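Each of the next two complexes has chain A plus one more chain, namely chain B in the first and chain C in the second.
Entry: the complex of A and B
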């Protein structure tokens, strides 16, 4: 319980720094073991913040197709090392290709899972954090809206897919060409609905005097505490240290 | 054989209290049923369960004797039409004409037949003047009529209307009652989800009353 409090009560700026450092490291390092270490570290941090591995993996499940495609593409177009599967003279799967694919997937996993750390802060605290980082309120508020509307967009896609199937279209059974045409239908209501929602939100915001005054006050205030400074310093030092060790060791 | 057989069905959205509790009933082919009850009583959820948009947590729903768990949405869609409470939820085509034609094309109708059917629907639902308009730009009443037209063009054997009279003026309400009559004469059945009990009683053989997720009376 206490560990949860520690991560949850961290200032969003501290979490942002953690995300930036972990993501940067995952881009700098290409070694698969380092990538794995970074991913496990992100998982550990999320666990401390109350987001357990089961929850993380259930969220990552939606990227499975993407990961499989990355693995196949890397293996096919960047062959290296011993061939594991050969068709004619073409090396379809090679050991090096698989390792490269795994490295790319681990990098994606690390970036996505480290970004989940921001979920342990409420959206409004995140906006406040961005404002304290001198990001204009309008931009920070747009980030908040994007977070707020992402699940709504997901729902729109599901609704369109349901409506199409309810007209008797057996999506799984129709040929690929028709399937692609059907999927293009899904984007129209999603885009239109996003635009309409944006328009309505803008009207509602202006009706509540958004941007009417240059000076804003906030109900909650953010202050960086000792533990925030300590974690920020440790993150920067560790990040720079790991980067140096990795680059020198190559 | 009953069209729908609902046996001890219960449903709860993830992490929430049950919305539907131990509901059982039968609906015969061609029957017209009003599903009434106050807001939040579970009418829409039950409608979605009957179509397979939602799956029951407990109990079983049979369609023409077949377990609905084995039916795909497309299969259900080819038998039953569903008019959403919010018509925008079922629009996805770039024009009114295309919205009506979509389902007909996927059923293998020829171009000429599709055109004929679309024109008939546009005329009946007084949408001819908006045939080439973008569906999202229509008024609320027009959107509702388009949603009904797109489903009725497919001549489903059963139609579930979710709060179809919301936002309709008296003239349109009468016109909608005529449409229900036409549907009945075609031999198709329908379920009218509505909190307007009088309209339900006037247009349906039978009323099912929902309250707090339970079926309170079936007369």
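Entry: the complex of A and C
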């Protein structure tokens, strides 16, 4: 329990720094083993914050098709090393291509999973963190609304699909061409509905004096504690150190 | 006592449409409740938007006449400036509540008014105690009942302490218990000197009103005391069938 509290009570600015450093490192390093290490480190941090590997992988599941596509494209268009699968004179899968594909996927996994660290802060604390980083409060609240309304958009799509299914269209059984047509039918209503909701919310915010002044006060307070400073310093030092070791060792 | 709200020859038409209402006139004083009633689509909600300055600032259309809030013409103010004097609660709380915790919803208005932190906390406690929702403050507004959500929306506006409250059919989707609770709060607000415009299509829910404005067919049919309106069978028959 104490370890959960440690990560959860960290200032969101500390978590943002961790995300930036881990993401930057994952872009700088191209070695698969290093990238695997970074990914495992992100998973460890998330575990400490109460988001276990099962939860992480269930969220990453939606990217599976993308990962498979990346792997196939890398393998096909950046062939290197021993061919593992050859059709005619074309090397479809090569060892080097696979390694490059794995490297790209690990990079994406590291960036996504490290960003999940921000989920361990409440949305309002995240907004406060952004405001403390001198981001205008209007933009910080836009981020908050995006977090709030993204699931709503998903619900709208699901509702529209359910409505279509209730009218007798068996989406899972129809051919791909028709499926795409069904999705184009629901695209406009969903987008229009989302835009209307966004406008109504903007009006509701203004009707509660949002942007009445150039500054605003906040009920909650964010203060960087000793552990925040310590973790920030350790993150920066470790990040710079790892970067130097990696670049010198190439 | 000077009026909180003065509506002078107010007319409004959406782009490309006929006037929804024309030449509406009335005053509203502190501690007074004006009930606005009329059939669906007669322009009650549009009138509510005009009273809070959302029309003409955020909604397109042709607005004639003036709305004076605490003596200031709403045309000359921005919506956030108007919000310091007039609060509106909409029929549908879904888009009004956008923060992750009820405590944050209640704090949102006072924060925008730049109140100090301690004062914000005091206001939240006071309003939550009045609307009996202290136990809900840590909850997510999306995880409570419709009646509670409407109370949260009302409380969030009350935390800004506006002189004028516009309530647009806020009890129309609620059960009897929630409606009774909301009406009880409205009664308390009147006693505290708030000027309230209460819009509804159900005359029974307007028993708290000091005067009633009857809208329909693009014009004001009557503005008078509830007893006179209720006894005017011909008028009610004409407006509501």
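Everything below uses one rule, namely that the second predicted complex is superposed on the first by the 246 of 250 C-alpha atoms of A that agree within 3 Å, B and C clash if a C-alpha of one lies under 4 Å from a C-alpha of the other, contacts with A are read in each partner's own complex, and residues count from 1 in each chain.
Everything below uses one rule, namely that a contact is a pair of C-beta atoms (placed from the backbone, for glycine too) under 8 Å apart; a residue touches a chain by one contact, two chains touch by 3 or more.
Given the structure is predicted, the values throughout are model-derived calculations rather than measurements.
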item: Clash or fit, chain B versus chain C on superposed chain A; value: fit
item: Chain B versus chain C as contact partner of A:66, first or second or both or neither; value: neither
item: Touched partner set for A:245, first chain B, second chain C, both or neither; value: neither
item: First, second, both or neither for A:145, with chain B first and chain C second; value: second
item: First, second, both or neither for A:213, with chain B first and chain C second; value: second
item: Residue contacts with chain A in the superposition, chain B compared against chain C; value: C
item: First (chain B), second (chain C), both or neither touched by A:233; value: neither
item: Contacts of A:193 with chain B and chain C, given as first, second, both or neither; value: first
item: Partner chain in contact with A:168 - chain B first, chain C second, else both or neither; value: first
item: Partner chain(s) touched by A:6 [first = chain B, second = chain C, both, neither]; value: neither
item: Angular separation of chain B and chain C about chain A, which is computed from CA centres of the superposed model and rounded to the nearest 10 °; value: 50
item: Smallest distance from any CA atom of chain C to any CA atom of chain B, in Å, after fitting; value: 8
item: Overlap of chain C and chain B interfaces on chain A (superposed complexes); value: none
item: Complex contact set, residues of chain C against chain A; value: 52, 54, 58, 78-81, 83-84, 87-88, 90, 94-96, 98-101, 103-104, 107-117, 120-121, 124, 156-157, 160
item: Residue ranges of chain B in contact with chain A within the complex; value: 51, 53, 72-78, 81-82, 84, 88-94, 102-103, 106-107, 134, 136, 150, 154
item: Complex interface listing, chain A residues touching chain C; value: 122-124, 144-145, 148-149, 197, 200-213, 215-219, 221
item: Contact set on chain A toward chain B in their complex; value: 159-160, 162-172, 185-186, 188-189, 192-193, 196
